[in-house]
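A, B, C and D are the chain letters, set down in written order, and residue numbers restart from 1 in every chain.
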Amino acid sequence: MNKRKICVVITARPSYSRIKTVLKSITENPRLELQLVLAGSALLQRYGNISEIVEKDGFTVNEKIYNILEGESISSMAKTTGLAIMELSTVFSNLKPDAVVTIADRFETMATAISASYLNIKLVHIQGGEISGNIDEKVRHSITKLSDIHFPSTKESKQRLIKMGENEKYVFNFGCPGMDILSENDLIISNKIMSKYGGVGSAIDWEKPYVLMVQHPVTTSYGSGYKQVTEVLNALLDLNTYQKIILWPNIDAGTDDISKGLRVFRENNKDLPFHFFRNFSPEDYAKVLNNAKCAIGNSSSFIREGSFLGVPAVIVGDRQEGRECGENVVFSDYNKEDIYKKIQYQLSKDGYSENNLFGEGNSGKLIANKLLDIDLNFEKRMTY
Amino acid sequence: MNKRKICVVITARPSYSRIKTVLKSITENPRLELQLVLAGSALLQRYGNISEIVEKDGFTVNEKIYNILEGESISSMAKTTGLAIMELSTVFSNLKPDAVVTIADRFETMATAISASYLNIKLVHIQGGEISGNIDEKVRHSITKLSDIHFPSTKESKQRLIKMGENEKYVFNFGCPGMDILSENDLIISNKIMSKYGGVGSAIDWEKPYVLMVQHPVTTSYGSGYKQVTEVLNALLDLNTYQKIILWPNIDAGTDDISKGLRVFRENNKDLPFHFFRNFSPEDYAKVLNNAKCAIGNSSSFIREGSFLGVPAVIVGDRQEGRECGENVVFSDYNKEDIYKKIQYQLSKDGYSENNLFGEGNSGKLIANKLLDIDLNFEKRMTY
Amino acid sequence: MNKRKICVVITARPSYSRIKTVLKSITENPRLELQLVLAGSALLQRYGNISEIVEKDGFTVNEKIYNILEGESISSMAKTTGLAIMELSTVFSNLKPDAVVTIADRFETMATAISASYLNIKLVHIQGGEISGNIDEKVRHSITKLSDIHFPSTKESKQRLIKMGENEKYVFNFGCPGMDILSENDLIISNKIMSKYGGVGSAIDWEKPYVLMVQHPVTTSYGSGYKQVTEVLNALLDLNTYQKIILWPNIDAGTDDISKGLRVFRENNKDLPFHFFRNFSPEDYAKVLNNAKCAIGNSSSFIREGSFLGVPAVIVGDRQEGRECGENVVFSDYNKEDIYKKIQYQLSKDGYSENNLFGEGNSGKLIANKLLDIDLNFEKRMTY
Amino acid sequence: MNKRKICVVITARPSYSRIKTVLKSITENPRLELQLVLAGSALLQRYGNISEIVEKDGFTVNEKIYNILEGESISSMAKTTGLAIMELSTVFSNLKPDAVVTIADRFETMATAISASYLNIKLVHIQGGEISGNIDEKVRHSITKLSDIHFPSTKESKQRLIKMGENEKYVFNFGCPGMDILSENDLIISNKIMSKYGGVGSAIDWEKPYVLMVQHPVTTSYGSGYKQVTEVLNALLDLNTYQKIILWPNIDAGTDDISKGLRVFRENNKDLPFHFFRNFSPEDYAKVLNNAKCAIGNSSSFIREGSFLGVPAVIVGDRQEGRECGENVVFSDYNKEDIYKKIQYQLSKDGYSENNLFGEGNSGKLIANKLLDIDLNFEKRMTY
């Protein structure tokens, strides 16, 4: 019997956490064959090359695509997408998958969607239908319109997809597979586990209280990143009682501004309890987030995983504007006083209770099963 | 006073007819500056290079982009889009337009949309919201989701865009500018006017009755083009009373199949009254269509311009499936008997009355005026 | 035992004739593995897609690369090379050959050379060291300097390579493999054999006298092609006694000018004994050339194969300027009177005797054997 | 009177020092127009973005090209060249220079050479004809064969170019313009001047003795960089009396290995007198080199500028193998004992006297004058 070939393209570090249990369920199913493609920043040392982690987790990488044009320039971001289309077209032509899975809303994701569409390969989209600020929202809905099958993460997202004209026969809310890792793993942190991560900055005691900061660039306010991240970092300066864990930003246009902000701050505050990391494995990131006293910045993980875990979060700026979120989240302006005040508010809470807004922790299996069972022989049409 | 810079990207022959009066209205407005970019098949001799026509019409071409990868391969179509993104990113970075206008739904159109979006330039889409078969429909709606301002061609399309979550503040139904040419020009055909077009095949007397055939490839049934066009041609064989005007197909994947079908047919039927043309100017094409006793094939012009002009049309196959159309249209299968029967039915009619479904012939001016007046300083958001 | 993997990249129609016996000798050798890549114009219908011929000859094509940017523009020629580098880098990374073979001097050949060099794969060049006009000469010598192993076609070429600083240990004159086909095959032409080629124009009787014309564009005089080919065609007009066989030009910048010249001439001289062909198999082209009363134009085959076969040739223009040639060749200006005079002179001869300037017809085997035996573990250095 | 347009493409940090006085002489000449293009690693922060320095020096940058594919992969190096060809073809088509100047032998340089050649623009090569190890040598001679006009840096190089078949009418030894900066500027170093460079590592007193280390990757021994640089660094460990100035490597394949070597070493030796810098202006680098007690590694500046200045140098490994050098140079293996011994030998010398092997410090002016006077209307031919 022929296996159904499912090609998953991962183009960025956080997508791996969001898809890992799907990959696992596919490889465990004897009637499915996983074709795994790593591309974009997922392969870059600067953004936390995930290929070693992926292989250590037991997955075989079929293709690696280097498509990131180096250099801070907003047109490079567009060209990077163009290059990815050129490379992925070759890869899909060779691998001949039955379906291609693309995740979320980053700009490289568009390349996966276009290449698969033009090659008449069924396109599967995970995490469609959500609302947020930034170019991500345009990209996310644009991918929806190229996609044949949808696995949104929330009820509201599912309803939005259907409202947009997607056929409900092909829209399945199985929750976000990123939650699965949270429920499957022990999320207790320890210095022993975390000692493998080098990082730079002062020494960290993971078993003592810390806050976590992740601030990504916002492409629609390109050029303001340096100032934005500096406000956040200055707000953290006054949190004497807590260690500060800082992650480097993702690769969107504007990332160099953020990185510069981090470096300048670090040079000026060498002896303070700030520690900077490139990357964690999905499981370890879950531990880091779960044990943070507060998460500050604009990572969508604070909303998604944070809601599941009940981690208090302060979302800074408009990158996540309009996003569906649980009670663990408060929003703040790019203003160090406002940020500080909101952090204090969140620290005064004793955490939040868990919330199943983004699923119950069994999404990977449900998605893999549906990819096996669903009839792929159909032509997508608008419902109105 | 600074002029507002409007960059229009034309990637294919038919788009020029659909945008020409917009270009004219922009150049006539002292507060607007037209930046005109020709790309894709619009520059290729094989598909009717429009650059001479465009320049003769008095427009200045700012950039010419050669991005079509030659060779019959479905992955080349995707790569062509990737290349266009790379080139257009350079062009937009240099031209720095205030808004980019993209037309309809061809695959290169996606490149315009992505490049403009990533460069944070407002994107204007003409002819969004329509329904049709083929990958065109996916592409059309996907572009909608990247676009900031919409000029759909019909009331129904406008309603569909709003239903899809577009803000009605930015959705304007001014009709299709392709109709403007039809109302502005004298559409009487004559041998004198048409003598400038060479073409191949037997001599044609434009002042005597003829039917018009245009059959484009259908990418979602890639590989069947040869058979499809041969059915249509064979149906025409029996129409003894009428001369047959055949246009070469557009450049979508599958075009070589169609072309081969045309060539083989031509070699086998050298002395019959079939005449093959590459290209007409928009105005002359309007004359050709207007005076055809019947239009046969799958060109969207039969539905749009055909409806305005009341030209009897037989739409063959599913390329235009689901499209909103006037009473001038009947549909047929890829089957020479069925096609022949439908043509006979249409020929038995004495034409149809004109229909304003696609506008009243003043779209170009209305669109240009709106592009001048509208506030471009906003962030697009879904309405639900 | 591991086979040595030899990757041969064919980017144009004539290169296949020049390498075919090498391919054959490689596949026949149990210790060699052939990796065959077709690219560029070798895959295009317009220039005589050779992939069917190649497969019918029993070779397996490992990769097909579509890298030709369509459209008459001199910068497209450069971009085409850039694209080929991008695609070939992927191909070589996947195929991991021990050596890459590149042929002659066309611009895509440079892409093969650069990709292999940067990937640290030994580069083998066939037909280096020759002299000619056009950009071909620059490209040829530039490839020499990237190549590790050389198989020039003549004694003079070998000496030139050594003089240029190539190590004579790696320079082997085994003749041109294009000659092998000439000695291995029966070169008698017949209508029966040739009936499979359609072509356009008046009927041809292959068993009666004809002359052969092939005029390629000359990139260094880009823009003059139309005038050049028209002079040649007009010179042929007066050759009443002979049928005229015309081949379409190759794909170099300027090809559209030449093609236009051919088409215009054809439209104006429909009933005259001119017959136009896209392509022949290497063996059939050998027959066509062998039986031509005179070969006119600027194809290098007139010099190479023509010398071996003793076919009278009139080389028009400077594309082959400075090239080593046998006594079968006379040169002419782009001037119809001069061309006509030289053709008359050549027709007055009763052919020429065969000449082994370009080898003795056993090159393929010698080259394949050397590719097996030679130690590939060395670093190239200049000899002075 | 029309100015003659000279387009100079700079693709890497060191090329700017080598061409700066040529740029200056061109801009000072009223009959020449400079068109300056920055590309490749010249624009990357990681490798010392030179665009600010260039603009501060008073030059206008016409185009910036981002063509570096990020990610450690040997095929990215080839693709980077392919991308550069695509971008430069657009740039040259727009700028329409009379001549394009390319410098030295890095892989992006090939892109400049190919694009200019295919666009029929005269190609000028600076620093041709030299001998070295690595792929640089292949690239350098390959560019020679595409170049029309040559400005080699030494008598020996000039003779080699002529021997390779270049026409001596177009080969001019005016020395290396990199020397001009050395003779025009005061080369006394001071803490005041150098305080603007941050760098990382222990504090440095520029007025006290130091040695300088620059170790670039060697692409032909790709994969060994980590070990190589570690040997060099360990050799330096024992030089107690001297401060150590370390520069980050250039961007060739293998650079990540070297960088890792530097980072690992730095983490393990935090308090030792090692200081790491990204970049200096050409003038300041001249000061740094001039005042070094010994220069260690494989930078060609140790041979070129080092010879002019009489700086003792230990060249490690085979990257510069075969290069013409002055008496200031000794060679060493990748072996920390051997390196240490050679450094001690050089330190025991009291410097070397200056040497005019690479010119007398007036090259820029001579080259600019020749670019003005030379007749550009010729076709290059081999001399034999």
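Rule of thumb we're sticking to: contacts are C-beta pairs under 8 Å (C-beta built on N, C-alpha and C of every residue); 3 or more make two chains touch, one makes a residue touch a chain.
All values reported here derive from a predicted model rather than from experimental measurement.
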Using the touch definition from the top, list the chains contacting both subunit A and subunit B. C, D
When A-D is set beside B-D, which has more C-beta pairs in contact? A-D
Between subunit B and subunit D, what's the gap in Å when you average each chain's C-alpha atoms? 53
How many angstrom lie between the CA centroids of subunit A and subunit D, rounded to a whole number? 41
Do you know which subunit C residues sit against two or more other chains? 75, 79, 83, 86, 90
Within the complex, subunit B is touched by subunit D residues 86-87, 90
In the complex, subunit B touches subunit C at residues 43-46, 64, 66-73, 75-76, 79, 83, 198, 256, 267
Give every residue of subunit B touching subunit A within the complex, in rising order. 74-75, 77-79, 81-86, 88-90, 92-93, 107, 110-111, 113-115, 117-120, 131, 133, 135, 137-139, 141-146, 160, 163-165, 219-220, 222, 253, 322, 379-382, 384
